[in-house]
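In what follows, a structure is listed as C-alpha cells, so that the remarks can point back to it.
Chains here go by letter, A, B and C, matching the order in which they are written, and residues are numbered from 1 within each.
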Amino acid sequence: MTDIAAMGQTTKDAARFSQGSRMVGMLSRAGLTLAILAVILYGSLANPVFFTAGNFVNVLMSMSIVGIVVVGMTFVLVVGGMADLSVPATIACGAILSLALQSYIGPVPAFAVAVLLAGLTGLVNGVLVGYVGINPIIATLGMGTIVLGIVQAAVGGVIVYGTDPSSADFVKSRILGVPMIAVIFIAIAILGNFVLSRTFWGRWTIATGGNYSAAQASAVPVRAVRAGAFVITGFAAGFSGGLLGLTLQSARPLVGQGYEFSAITAVVVGGVSIMGGFGSIPRAMAGLVFVQLLTNVMVLQGVRTPIQGFVLGLLIAGAVALDIALRKRGVA
Amino acid sequence: MPSAASALHMRGIGKVFPGVKALSGVDLAVRFGTVHAIVGENGAGKSTLMKILSGAYAPTTGTIEVAGTEVRMKRPADAQKLGIRMVHQELNLVPDLTVAENIFLGRMPKRLGFFDRGGMVRRAAAILAELGAAIDPQQRLGDLSISQQQLVEIAKAYAAEPRIIVLDEPTSSLSEHETVALFRILRKMRDAGIAIIYISHRLKEVLDIADEVTVLRDGAMIETRPASGITAAEMIRLMVGREVSNVFPKTPSTIGREVLRVRGIGDGERFHAISFDVRAGEILGLTGLVGAGRTEVARAIFGLAPLTSGTVEIDGAPVTIGSPAAAARAGIAYVPEDRKGDGIMPAMTVRENISLPVLRRLANRFGRVRRGAERELAGTYVRKFSIVPPDGERRIGLLSGGNQQKAVISRWLATDPKVLILDEPTRGVDVGAKAEIHGIIGQLVANGMAVVMISSELPEIMGVCDRVVVMRDGRASVPLAREGLTEERIMALATGEESAEGEAA
Amino acid sequence: MSAFVSTLLRYRVAVILCLTLAAATLIVPGFASLTTLSLGLDRGSTIGLIAIGLTVLLIAGQIDLSVGSVFAVSGIVGIMLQPALGMGWAALAGVLAGTAAGVVNGFLVVALRINSLVATLATMLVFRSVAHWMTASQPIPGNDIMFSITLSEIYLEVFTVRSGLFLVSILALHVWLTRTVAGRNLFAVGSNALSAEASGISAGRIMFLSFVFASTLAGVAGVLQSLVTNTGSPVYGSELTVAVIAAVVVGGTRLEGGRGSALGTLGGVLTIAALTTAMEFQSVPAYMQQVASGLILILLVVLDRTVRTGRRKPAAAPAHA
C-alpha cells in the first residue's frame, strides 16, 4: 500500500529515522530560523510599516487564532492521524454558538457550551478514528460536514451577531500591551508543549505515531491516545472559534474556512512529519511564525490574495520536499 | 544430467557504502545443477552480496559472470532478464491480488490484448500442485497464512523458469513438513540444471540440502567447501572466528512455586483448550510447527487478543487480561516475535524504548516524566546486559539486532514481571548475541522468574528448557519433562505422528 | 453471520443505492420519473467524471485534493480562450490545462516524493489562486449561450452528452480495471508498491499517469460545466472534492489502495446524485444536504469496517489514510 497508505502498512519507513537524524534535525531547525530571519529582514527593508509594534501586534493577533488550532493539529499529525479536516466546522461551532447563546445563558456559559460541543465533535472523531479504525481523512471530512450542517440548522442558517459587549472588550483587551488573545494563545501553546514533550501522554502520542503495533505491545493505550489527539484538536478549534467570534462579534458559517489548511501548512513547514512519530510544538510554532510573517509581508506589499495562495502552496511543497531530501541524506 | 558448467562467478566483489565497507574481495562460484549454501552471522555481508547479485546494488569493485559471460546489472530487471530470481525473506507479494496474479506479477499472460485470467489460473494451479502446496490460486493473497504466502513466493520464482535461484531464509516460516517438500522441489530443480543459492542460519538444513558451503564473515569470504567436508560446529567456528562450545548453555536454577497457570484457554479460532503451568525459576518451552498457534496463545495471555474460554491464574489467583496494560499490571510480560514491527520504536532512543511501559510510574503528579529516574532506569539495563554501544541516548534503530533485542527485553524487565514470555527471542540474531541473550535469560530464572520461551529451533528448546509444551493445530500437549526428551519426539508430536495423550511431566 | 446478511453486505453498494432510491420515491412526490432520472444523471455526471479519475488514483494508493480547483481552472481556460481559438479548441485547451495540473501533481508526488495529501493540498491552494488570478475573482461569461442549450439536450429521454460520456467512461474503466494487465498492475501498485516494483512493474510511472488521468478528467468535467453554464468561475468546484471522495468511498474504493471498483463508484455516484436530487426536490436547505451526505459517508465506512473486522482477524493497526 503506497504513499499515503504507507503510514500503515508494509512500507513502514523505519530506515528514515534510523541514522543521522540528529544532524538533520539541527539542520532543519537552523534552516527555519534562518528563513524567519530572512523574512523579517526583507520585510523591514521593503516596507517601513513592517517593523513597527502596531504591525507586529496585528500579526500576533491573526497568528493567535490559527495558533490555537495548530497546537491541536500538531497532536494529530504526531500521533499519525494525518489531519483533522473537521476544523472549519468546529471553529464555526465555537464562533456561532458562543455568540448565538449569549442572550440566552450569558457570555461565559455560551462560550463554554460552544467549546464543549466542539470537543464533543472531536470525541466522535476520536472514537471513529481510534476505536472503529476509520481513515481519519474520511472521518473528519464526514463529521465536519455533518457538524457544520447541524450548527447552521441550529441557528437557522443565518449570520449570528454578538449581543454582549463586555466579552468583546475582554477579548480585545491587553496585558502589558500584549493582546489578550495572544496571551491566551501563548498559554495554550506552552501547555501543549508541556504535554507533548514532557508528559507520559505526549510520549505515548509520539510512540503511537511512530510504531502503532510496537506501542500497543508496550502497553500503551494506543486507541485512547489516537482518539485523544482528535479530542484535543476539537477543543482547540472550538476555543479558537469562540475567540474569533467574540473578536468579530459576528459569525457566518464559513467563518472557519481555510483554517485547517493554514494549520496543516504551519505544522508541515515547521518540520512535523505527516507520517507521525516525529515533531513538537516549538517546531509547529516556528512554522506558524514563518507563514504568518510571510503572509504579512505580502499583504503589506500589496500582493493580491491569489498570489498569496500561490506562494503558500509553493511553500508547503517546498518545505516537505526539503524535509524529505534532508532526511534522505541523513539516512543514506 | 547437464554438465556442471559455471552458472555464476563473482570475482573480487567489494562494496563500499559511505563510511562502511560492507564487502571486500568476495569470490563466489556456483555451477549449474548444484545447491550452494551461504552462511554467516548477521552483518557478515550475505544480504549485501545477494542484493548485488539481484541487481539492486552495483558492486564497487569486482566482476560478475553469468554462464560464462561478464554482465553488468544496473537494476533488478536486468538480473531478472538474465534468469536470476530471488526469493526474499520479507515477502515481495501484493496482498490485494490473488495467488495466481501474484505468481505472475509483472508477467501476466495476455490473450487478444486482454488479460488471460483463465490461462493464468490454470498455470498457477499446475505450479502449486508441483510444489505440493494445497493453495487455491483464486484466493486473495492477504487472506493466506504467512507460511502459505512464503510458498507462493517460492512458486513465483519457480514459475519464472530461472537459471539461478536465490533463496534467503526460505524455511523461516515453514513447518518441517513444508521444508521437506521444499527440499524435494529444490532437488528437482537442481537435477534439472538450475543453480540454487541457499542462505540460511539453520546449519542442519544447510548440511542436508547443500552441495557446497561458503562461509562469510565481516564482509569477506572465509572459506568454501563441499558440504560433505564440513560440520555444523566447524561452520560456527568459521562464522564466528572462535570456538563456541555451547550455544545454548543451561544455567542451573531452583524451581519454585507455580506462577502462571492457564486452564483450557481458547480464542475460538486459532487455539483451543490449552492448559499448562509455569513455575518460578523454570523455562517452559513452547514449540510446534509454524501456524500451530504458539504466538496466538502468547498474545492472548498478554491481552493483545481476546480469549473466549478458559482461565488465566497468576500466583493462584484468576486474572482477566483485557489489554497489555492489564497484563503488565498482573505481572505478565511479552517480548514479541517481530522485533521491527512490534518490538522497537525505531525513531526513539534506547532510553525511551526501555521506559515505554512504565512511563506512568516514572511520572510525577502532573504527568511529567522524571528525566533523571528514566535515565537511571535505562542505564541500569544498558550496563547489566552489556548493550552496545552503552549510550542510552542513541537511536535504537542504529543498534544491531541482538542489542535491540536486549533493549526490548529490558523494557519488560522494568515492569518487574512475574512471568516473561519470549517469542523467538534469538531469531535474526547472530551466534554471539544468541549466547548473550541466553545468558540473560539464565540469570533471570536463577533469580526466580518464570519464563515461557517460544521457539522453532529445536536445539534451542532442547538446550535450555526445563519442560516443553508442543503445540499442533491449536492444541497442546501436556508439559513434557526434559529428561528423555528427544528432538525426534518433539517433531513427532508437532507433526501429529505421535498423539499427545496422557503424558505427565 | 447468516448467509443472507453476508450477501447483503457484499453487495452493500447496490443495496444502499436501492434503499436510497426507494426512500426518495416514497418521500418525494414525482421523484420516480424520467425527467428526474435524466436530471439526476446529468447532475451526477459532473461528480461522476471526476470520480472515475479519483477511483483510479485511490486504487493506486494516492489521493488528490486539488480536483475541485482543477475543475475551476479548466472551465475558466475553456471560456477565456473562446474568442481566440473558437469554442472547440478552447474546450480542448481547457482539458489540457487539467492534464498539465496532473503533471504537476504527479511530479510532486512521484519525483519529489512528497506525500500526496500534502502535495495536492498545496496544489489545491495554488490552482485555486491561479483561478482567482486569471479572472480577477469575477465569473467570466462565455460566447455562445446557444451551445450550452445544445449540450443540455436530452437524448433517448434520459441521457445528456455529459451523462452519456460518464456512463460510457465508467464502463470502459470497469473493463480496463478487471480485464487488462495494466489494470491489475494498478491494483498491485496500490496494494504494495515495493513488491510491484520488484516484479518489474514501474510503480512510479503508473502513479504519475494516475495523477494525470485524474486531473484530466477533472478538466473535462470543468470544461463541460462551464460550457453548460456558459460561465467560467473561480469559485466553481470548491465543494466538489468532498462529494467526489464521498461517492468513491461509498462505492467501496478505499483510501489505502489496492481495492476498488468502477461499478462500485458508479453505484456511489448514483446514490449521492439520487440523494442530492431528492433533497433539492424537497427544498431541503443546502446545509441539511451536507449533513445527509456526511452521515451516509460515515455510516458506510463504519459498516465497511465492521464487516471487514468481522470477517477476518482484527488487524493490529487501524486503517491509516
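Criterion: contacts are C-beta pairs under 8 Å (C-beta built on N, C-alpha and C of every residue); 3 or more make two chains touch, one makes a residue touch a chain.
Quick caveat, the model's predicted, so the values are computed rather than measured.
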item	value
Graph class of chain-chain contacts, one of line, ring, star, complete, other	complete
Chain pair with the greatest number of C-beta contact pairs	A-C
Where chain B and chain C are represented by their mean Cα positions, the distance between them in whole Å	45
Distance between the centres, which are taken as Cα means, of chain C and chain A, whole angstrom	28
Multi-partner residues of chain B (at least 2 other chains)	304, 342
Junction residues of chain A, two or more chains touched	213, 216
Multi-partner residues of chain C (each touching 2 or more other chains)	190-192, 194-195, 258, 316
Of chain C, residues touching chain B in the complex	179-181, 183-185, 187-188, 190-192, 194-196, 198-201, 258-259, 312-313, 316
Complex interface listing, chain B residues touching chain A	18, 304, 323-325, 327-328, 334, 336, 340-348, 352, 356-357, 359-360, 362-363, 366-369, 395, 397-398, 411, 415
Complex contact set, residues of chain A against chain C	1-11, 80, 82-83, 128-130, 132-139, 141-146, 148-150, 152-153, 157, 212-213, 216, 223, 226, 253, 261, 264-265, 268, 274-275, 304-310, 312-317, 320-321, 324
Footprint of chain A on chain C - complex, ascending	60-63, 108-109, 112-119, 121-126, 128-133, 137, 189-195, 203, 207, 242, 245-246, 249, 254-258, 285, 287-291, 293-295, 297-298, 301-302, 305-306, 309, 315-321
Contact set on chain A toward chain B in their complex	12, 14-15, 17-19, 21, 194-195, 198-201, 203-204, 206-207, 210-211, 213-221, 277-278, 332
